[in-house]
Amino acid sequence: MISMIQFSDVLAWIHQLLSSCMAPWLVFLIELVVASVAAVVALLVCVIIMVYMERKVAGHMQLRHGPNRVGWHGVCQLFADIIKLLLKECFTPTRADKLLFVVAPVLSLCVSLLALAPISWGPGLVLWNTNIGVLFVTAISSMGVIGILMAGWSSNNKYALMGAMRSGAQIVSYELSAGLSIVAIVALAGTLNTGGIIESQANGWWILKGHLPAFFAFIIYIIASTAECNRAPFDLAEAESELTAGYHTEYSGMQFGIFYLNEYINMGVVSMVASTLFLGGWQPFYLPFDFGWAHAFNDIMALKFMETWPAWISWVSLAWPLVWFFGKLFLIIFFMMWFRWTFPRLRIDQLLKLEWKYLLPLSIVNLVIIALIVVLGLHF
Amino acid sequence: MIKEELKHYLEQTFPNSKVDETFDFPVLFITKEELIPVMKQLRDAPETKFNFLFCETAVDRNPEFEMVYHLSSTYYHHDMMVKVVLEDRENPVIESVYSLWEAADLYEDEIYDLFGIRFTNHPNLRRIFLTEEWVGYPLRKDYQDDRIISL
Amino acid sequence: MENPIVTPSELKTEEFVVNIGPQHPATHGVLRVEATLDGEIIKDVLPHLGYIHRGIEKMTESLGYKQSIFLTSRMDYLSAHINNHVCALAIEKAAQIEVPARAKAIRIIMDELQRLTSHELWWGSCAMDIGAVTPFFLAFRDRERILELFEQNTGNRLTMSYIIPGGVMNDVRPDFVPKLKALIKSIKEYRKEYDQLITGNFIFQHRTQGIGILSKEQAISLGCTGPTARASGLSCDIRKLYPYDGYEKLDFKEVIDYGCDNWARYVVRMEEMNQSIHIIEQLLDNLPTGDYRTKLKGVLKLPAGEYYQRVESARGELGVYIVSDGGAKPYRMKFRTPCYSNLGAVKPISVGMKIADLMANMATIDLVIPDMDR
Amino acid sequence: MKALYNYLKEVAFAFVSLANGLLLTLKYFVTPWKSIITENYPDNRANPSVADEFAGEVILIHDENNEHKCTACTLCQLACPNNSIQIISKQVETEDGKKKKVLDKWVYHLEMCTFCKQCIDACPQDAIKMTNSYELSCFDRSTLTKILNQPGSKLKEKPKVTAKVQE
C-alpha cells in the first residue's frame, strides 16, 4: 500500500484546509472535538451492532430466533429498547447515597471511553498518538472498578454490595495476567505505542510470529479480559441466579442503560486491544513464510493488484484496514459471546484460584520464555 | 415383618397400649407422656428399627386431636403408625420428636400452623405457611372464616 | 503501646442477613430463604414458605373424592400425572375398584413420561442456577415434545387430571404408540447433547463435585426421599419397594449413588431418565388392549377407615393419607409431599458453603414450591 | 513429575470438555434453520399447532337445526369442582299437558374453569364438549361469563318409537 492514499494524507489535508482559514488554537479545538466525537460515535455504532449481535448469537445458540419483530429481522430492536429506557423513571432508593448513586454510572462510562484515546483504528487514524498508549489503556481500564464499587456501595442493597465486592476482587486479580500478557507483546514489539505495535506486525501477526508463547499469551489475555469485563463465565458481579443483578440491582431507566452500554464499550475496548496486540490491528493477514504462493497470498492481502488501477478506485482501499480492524474486533467479541452462552458460571473461590494458581504462574513463565525469544532473536 | 407379625410384635412389646390396624399399617396407640421413650424404642430396637419418619400429621377428631406418626424402616422396609390422642382442645401440647428425627422440624411447624398443636423442645416452632397474625387454625373442623366459600 | 497483633477472632466480620426470594431467579417460584452470611460464607439458612399456600388439604374436605384429584395436579405441577396417580390408587384401594390392564400400562407410560419431563426441566434449571442459560432451552425443547404428546392424548399440557379412579379419563389416540416410539428415539439422541454440553463440562463438574454433602444418616433423619436420598446411598425407590400398577413386572434398576454430593444427585437424575426410557420401551410393544377404565358411580364413597398410598414421584415419595368417615367427602386428606421433607436438607448441606453453592444445592435437590406449600 | 503430569492432564481435560460444549452451541448457531424450534406465534394464527384434543373452553353442541342435547339434569354442575357451571332450568308445559323441565340458561363461568374435564366426563348425553381454543384472555371480566345455549335453541327430540294407538 505504498502509492495509495492513506488516512494520514487525508487528515493532513484537512488540517491544512482548516489552518489556512483559522487561528491555530481554534483549529486544535475543532479537531479535538470532531475527532473525539467521531471516535465515540464509531464506538457507539459498534455497540449497537454488538448488542444486536449478542441477541442474535444468544438466540440462535438457544434454538430461537432472537429479536425479529422490530424492523427487518429485528434490527431496530435496540432503538426500541433505548426509547423504552429513556422513558423509564430513573429510580433512586430512599436510603441510597444520592450523589454517588448518580455519579457511579457516569464515572464508569467516562472511564471506559477514556481508554479509547490511544487506540489506532487505521493507519494514521489515532486519536492520541502517544508513546505510552498500551500502558494508558491498562491503567485506565483498571479504574472501571471504581464506578462499580461506587454503584454497589451507594445502592444500599446487600446484593449490590456483594456484587461490587466480588467485582473488585475479580478485576484487581485479573488485571495481573492481562497486564503480563500485554507486556509479553510489548517486549516482542519493543514499543508501547499502539501504532508502532501494529506496524511491527506488517510481516506477520504476533500470534503467529511469536511462536507458541504468544499464542498462550493471547489465550490468557482473552480469559483475563473476559473476566475484567464481568462477562460470563466470569460474570460473578452480576450473577443473576445468585445476586439477581449484582451491582446494578437498584438501577433503572437510562442509569441502568449506561451500565449496559458500559459493559459493551468495555468489551469493545478489550477486543480492540487484543486485536492490536496479537492480531495485527488493521494489518491484513500476512503469512510469515518464504515460498511462492505465500508471497502471492500476501500480495493479494496487501492489495498490490490495485496499484495499477485508476486513482479514484484506490480510494476504496482506504476502507481495507478498517475492514480488517473491525473484522477482528467482532471476531473476538463473537468468541466472548460464544463463551457466555455455553459455559456455566464459576464460583468466587474458583475464579480467584484460576487466576492466582493457574493463569498468573503461567503468564509469568510465558513472559520469561518470550523474553528469552526476544533476547535470542528467535521470532520471525 | 409383615403387618400381622408386626401387630403381634407390638402387642407383645407394649402390653399396656392398644394396638389396632388400618387398611395398610398396624397402629399403636400411646399416651403423650410415653411418646419419646416408645418412639426411641421403636427406632432403636433391632427387631423393628423404625428409623424413618416419613409422615407426621394430625387429624381433628372433634373434640380431640389425633397425632399420627408414620414410621418406616430402611432396613426391613416395614411400616407402622403411632397415634397419640390429645384430649385438651384449648391448649394441645405434645413433646416434639425432633430429638429423634430431624424431619420433625418442618412437619411439626406445619401441624402447629394448621392445627395449633404446640410442640415442646422444638428448635424453631413458627407458623410456616400462614402469617404470625393469622387468627385460628385452618385445618381444625370448627375453623370459621368469612372468606371461605363453600361449594 | 498495645500489642498490635490481631487474633483471628477479632478479625471476624459482621454477619448479615440476606433474603433470597420470594422473587428471586434461583428459587423457581416463591420460596423465601433467609440466609445469614459472613461475607460469601453461609452461616445459617431458614426457609420461609406460604407464598403459594392454597390450602389444598382444607379444600379436599369440602370436595368429593373425584373432584379432589384435579387439585392434586396443582401441587407438584411438574409431575401432575403422578400426583393424580397416587390419589387414584388410594381411592381404588379403599373402594376396591379393579383397574383394567390397559389403564395400568397407560398410567405407567404417562408416569414415566412425566418423570422424563420433570427431570428434563430440572436439568435445564439446574444448569441455569449454576450459570449456563443455553441448557434451559435445550431442556424445554425436549420437554415440549413430550408435552405435545400429553396434549394430544390427555387434552392438557401441565395439569392433566387424566388418571382417575378406575383407570384413565380417555383412551390414548391410535397414533400414540408410533409417535411415542419416534419420540423416544429422539430423546435418546438429545440425551447425548446434555452430556456434551453440561455433564462433561469441567466448570460444571467442579461446581458440583464435593459440594452439598448429605450423608446417609442425615438423609434418613431428615426424611429425604427420591433422587436426593438415593444419591446418598439410601435405597428408597417406591417402585421397587412397594410396587404398584405392575411395576413389579418391569425390568428397571434403582439408581443409587454413594457420592452424597451435588454431582451424585445430578448423576442419579440423569440415569433415572435412561431408566424411564427403558421402562416405556418395555411397555410400548405390548400395550394391552381392552377397556381403559371401569365406569364408576357418579358419587364415590369410601368405607370408613384410614388409607395410605405412596408412589414414586419425580422428586421422591409422594404419599396420600386419607381418613374417611364413610361419606362422600374425605374427612381428612394429607399429602406427604417429597419436596417438603427434602427442603429440610437445604440447611445442613449449605452451611459453611459459599452463596453460589446454596443455589446449586437448591437446584440439585429439585425444589418445587407449590409442592411444599400445597 | 507426577504432579506436573496430573496438572497438565487436568488442563487438557478442561480444554477438551469446554471445546465440546462450544462445538454444540456452534452447531446450533450455524444451522439455525435446523435447530430453531420456536413457533411464529401471532403470525400463524390460521394454522396453529394445537391438537384437536386440547381441552379449552366448554361449549354446548348445537346441530344445524339449532338443537342441543342438554336435558338440564345438572350432573355437570355437581361434578364441577369450582362451581363454574350453573344450569338454570324452567318448567314448560308440553302439548299433552305434562310439566317438563327444560334448559333455560347454561351459564359457564370461564374465569373459574380449570379445564379438568369432569363435566364432560359426567354428562350422560354427551351434550357438551371442549374446543381446542387457547386464546381465552380478554379485557373485560364480564365477557368471561357465557351463556352457552344459543337463543331459540331447544332440546333435540329423541326419535320416538311411535306407539300404535289401539282403536
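As written, the chain order gives the labels A, B, C and D, with residue 1 at the start of each chain.
As a convention for this text, contacts are C-beta pairs under 8 Å (C-beta built on N, C-alpha and C of every residue); 3 or more make two chains touch, one makes a residue touch a chain.
Everything numeric here is computed off the predicted structure, so don't read it as measured data.
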item	value
A-D or A-C, whichever has more C-beta pairs in contact	A-C
Chain whose average C-alpha position is farthest from chain B's own	A
Euclidean distance of C-alpha centroids - chain A vs chain D, Å	54
Intercentroid distance (Cα basis), chain B paired with chain A, Å	65
For chain A paired with chain C, centre-to-centre distance based on mean C-alpha positions, whole Å	46
Computed distance of Cα centres, chain D from chain B, in Å	42
Junction residues of chain A - those touching two or more other chains	61-64, 341-343
Chain B: positions in contact with at least two other chains	151
Overlap residues in chain C, where contacts from two or more other chains coincide	63, 134, 141, 197-198, 201, 203
Touch list for chain C against partner chain D, complex	63, 66-68, 70-71, 134, 141, 144, 148, 151-156, 159, 161, 164, 169, 173, 193, 196-198, 200-203, 205, 298
Of chain D, residues touching chain C in the complex	13-14, 17-18, 20-21, 23-25, 37, 49-51, 53-55, 75, 78-81, 114-118, 121-122, 130
Of all residues in chain A, those that touch chain C in their complex	58, 61-64, 158-159, 162, 232-233, 235-236, 239-242, 244, 341-350
Residue ranges of chain D touching chain A (in the complex, touch as defined)	11, 18, 21-22, 24-26, 28-29, 32, 35-38
Residues on chain C engaged by chain B in the complex (per definition of touch)	46, 48-50, 53, 55, 57-58, 62-63, 93-94, 218, 220-223, 225, 234-236, 241-242, 305-309, 317, 319, 321, 323, 331-332, 334, 336, 340-341, 343-344, 348, 373
